[in-house]
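Both complexes below contain chain A, partnered by chain B and then by chain C.
Up next is the complex of A and B:
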């Protein structure tokens, strides 16, 4: 009689222990998932921000040759003008925390007011630090010669 | 019901509870797994392939008219084949510029990340025929996971269809 009662208590004890283990596992599982999904949302937000900047930069009339409504035809004189102004002013037009680089394929000369038009790399708001960047092909219109070159536009965000 | 019967019912209840909890765990696991699956079509790759095609078409070849840009050279090849553009035939110019330009733009990504296939043909090619040109890996046409960009060129009162496919190498 006594041993049966003990067996009964033991049975309930094991069952309660099992339920507790399941609840603890469930809490760990949900917490891990929440942390993972919050990181993924953060990464998604940064990706969307970079995509938006990539599209804005490649279609901005501030940088594109006139009459190219679909964009991605960056004019070298406009790029040189924008790269010559302080980053804070460029951030006024495009927001903060970003950087960009336009590179004519096969050209390694950095563009400044002195090297223009015999150059092919324009950098905007480049700083040191961790960043995530994406690149897309674009055309670069050479205003002095009227030639259209192929290049890459890289846009990224720090942080 | 005797004492043995009561014990049996109690044991069965415990078993049902355990099975019930395990089922809830499995259902939760499946729910989290399904909700974490993301669509494979990437916004970035779509933007990349469209910009790549647009860039290739607009780029200058370095030859004179009617082969000034790659899109003009494509029209010239399809509609006036064999025409000379400053020392070379339009077909030669197209053959030497398109694959090199695409591979150069893709750079390190070419064959490490992406492979490409580009096809140029007149509209209604299947019915009316004409000259069709293609470069790259034709097998990409049958791939399931690929990014496709299409453009049309209207020149000499005729439409040209250009399709560029980008897929994982």
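Up next is the complex of A and C:
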């Protein structure tokens, strides 16, 4: 009689144990899923931060052709001017930790005061280190010839 | 007679059930909180995306922030502090007043050779101007400020404008006007004045919800912010006339708008950002001039380029000065106007 009672109690403990195991597994599964989705949201937030910078940079009046109102039209002389000044000065307007690069498709000459206007690559605030960057196609207005070239704008954040 | 085993079953069942229920309840409430936080984070990220889109396109947009009073603790530019995290609006200069429905507008301050873009994100607002005299300076100051405020013609979040009061009737002259109507009214105001119908006076009462600005050529004590006009579109702005020592100097309509909407904090933010960008714009323009001024065939333009560059150099120097210094900022206002004129000269002569 006593051992039958003990067996019943053991049954209850084992049943409870399995119920607990199922609950814990369920919690682990949901938590893992939540961590995964919060990581993806973090990466989404990083993406949005970079896209925000990309939009700001590409439509900044500091770099766009004057009086151009339909979208963005980067001007080569303004890009050359920005690439010639210290990065710290540009960071005063665009914030910290970013970099950008504009490339005219098919042109490999870095733009400086000396190579302008026969050049097609402009780099801003480029440093070494890990980064996440995105790029978009842009129009580049050649001030000396009045031509419009196709190019790629890359904007990223370090860290 | 209940056996020991049955007593055990009852006690064990109760304890275990309570344990499981508490566990599931705690976990699900945490899970729901996380879901709410995600939804709130998405609202704020969506707001930043809208600001970015408006900044890039220049097309105003409406944005709904559900339960904004609970979600947004405070906007301390450039960070929006929410109940879950802070969202930075950097690098876009954003003057933001929280509300459940926001109109997002890209505004600009145009110097001819450079435009300063900034975002005004406001709920439905009425701007009410109370001039205390009939002078041309007063009207042009009001006109400049109204022009720098957003038009809500193509969006649902409306901006309204009002003007008052008239001593003969003690009533508002106009109210609930749209921006375009207000500007038109001001332009045709001279006809109204000629008939001697308008005797400006301080309104007896205002709606507390309105953003009211009293405009006067001399200092007077009022319960509302006072624009005390000086010269060249500059002046002093008293947010609290009982503390005249805490006045702010204004050199652009943006200074007035930022201070009226967010006090000293917004005024400081807008000035810091505007001067930093003005300094950078001046550096870039000087570099750009350097690329072109010595090109063959540009001899006629050389003196004009030199003059423009000298103005930009002064502008850059003044942009690094204290924006609370009326003397320096007065000089800056003059140099900004000078730079506009010099650039216009370059364009007229075909050098730009």
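Throughout what follows, the second predicted complex is superposed on the first by the 147 of 159 C-alpha atoms of A that agree within 3 Å, B and C clash if a C-alpha of one lies under 4 Å from a C-alpha of the other, contacts with A are read in each partner's own complex, and residues count from 1 in each chain.
Operating definition for what follows: contacts are C-beta pairs under 8 Å (C-beta built on N, C-alpha and C of every residue); 3 or more make two chains touch, one makes a residue touch a chain.
Bear in mind the structure is a predicted one, so any value in this text is a computation, not a measurement.
Once chain A of one complex is fitted onto chain A of the other, the partner contacts of A:11 are limited to chain B, with no touch recorded for chain C. When the shared chain is aligned, no partner comes close enough to touch A:39: not chain B, not chain C.
Look at A:105: by the touch rule set out above, it reaches chain B but stays clear of chain C.
By the touch criterion stated above, A:126 is placed in contact with neither chain B nor chain C. Using the contact criterion defined above for the overlaid structures, shared-chain residue A:55 touches chain B and also reaches chain C.
Look at A:73: by the touch rule set out above, it reaches chain B but stays clear of chain C. Residue by residue along chain A, chain B and chain C are tallied for touches, and C comes out ahead. In the superposition on chain A, contact is made by A:84 with chain C only, not with chain B. Residue overlap on chain A between its contacts with chain B in one complex and with chain C in the other: 8, 19, 51, 55, 58, 72.
Contacts from chain B toward chain A in the complex involve residues 3, 7, 10-11, 14, 17-18, 21, 25, 28-29, 32, 36, 43-44, 47-48, 51-52, 54-56, 58-60, 69, 101, 104-105.
By the touch criterion given at the top, residues 5, 8-9, 12, 16, 19, 23, 27, 30, 34, 38, 41, 44-45, 48, 51-53, 55-56, 58-62, 66, 69, 71-72, 77-78, 80-82, 84-85, 89-90, 92-95, 113, 116 of chain A touch chain C in their complex.
Chain contact summary for the complex, chain A toward chain B: residues 4, 8, 11, 15, 18-19, 22, 25-26, 29, 33, 36-37, 40, 47, 51, 54-55, 58, 70, 72-73, 105-106, 134, 136-139, 147-152.
Within the complex, the chain C residues that touch chain A are 3-5, 8-9, 12, 16, 20, 23-24, 27, 31, 34, 38, 41, 45, 48-49, 51-53, 55-58, 90-92, 108, 113-117, 276-277, 279-281, 283-285, 287-288, 290-292.
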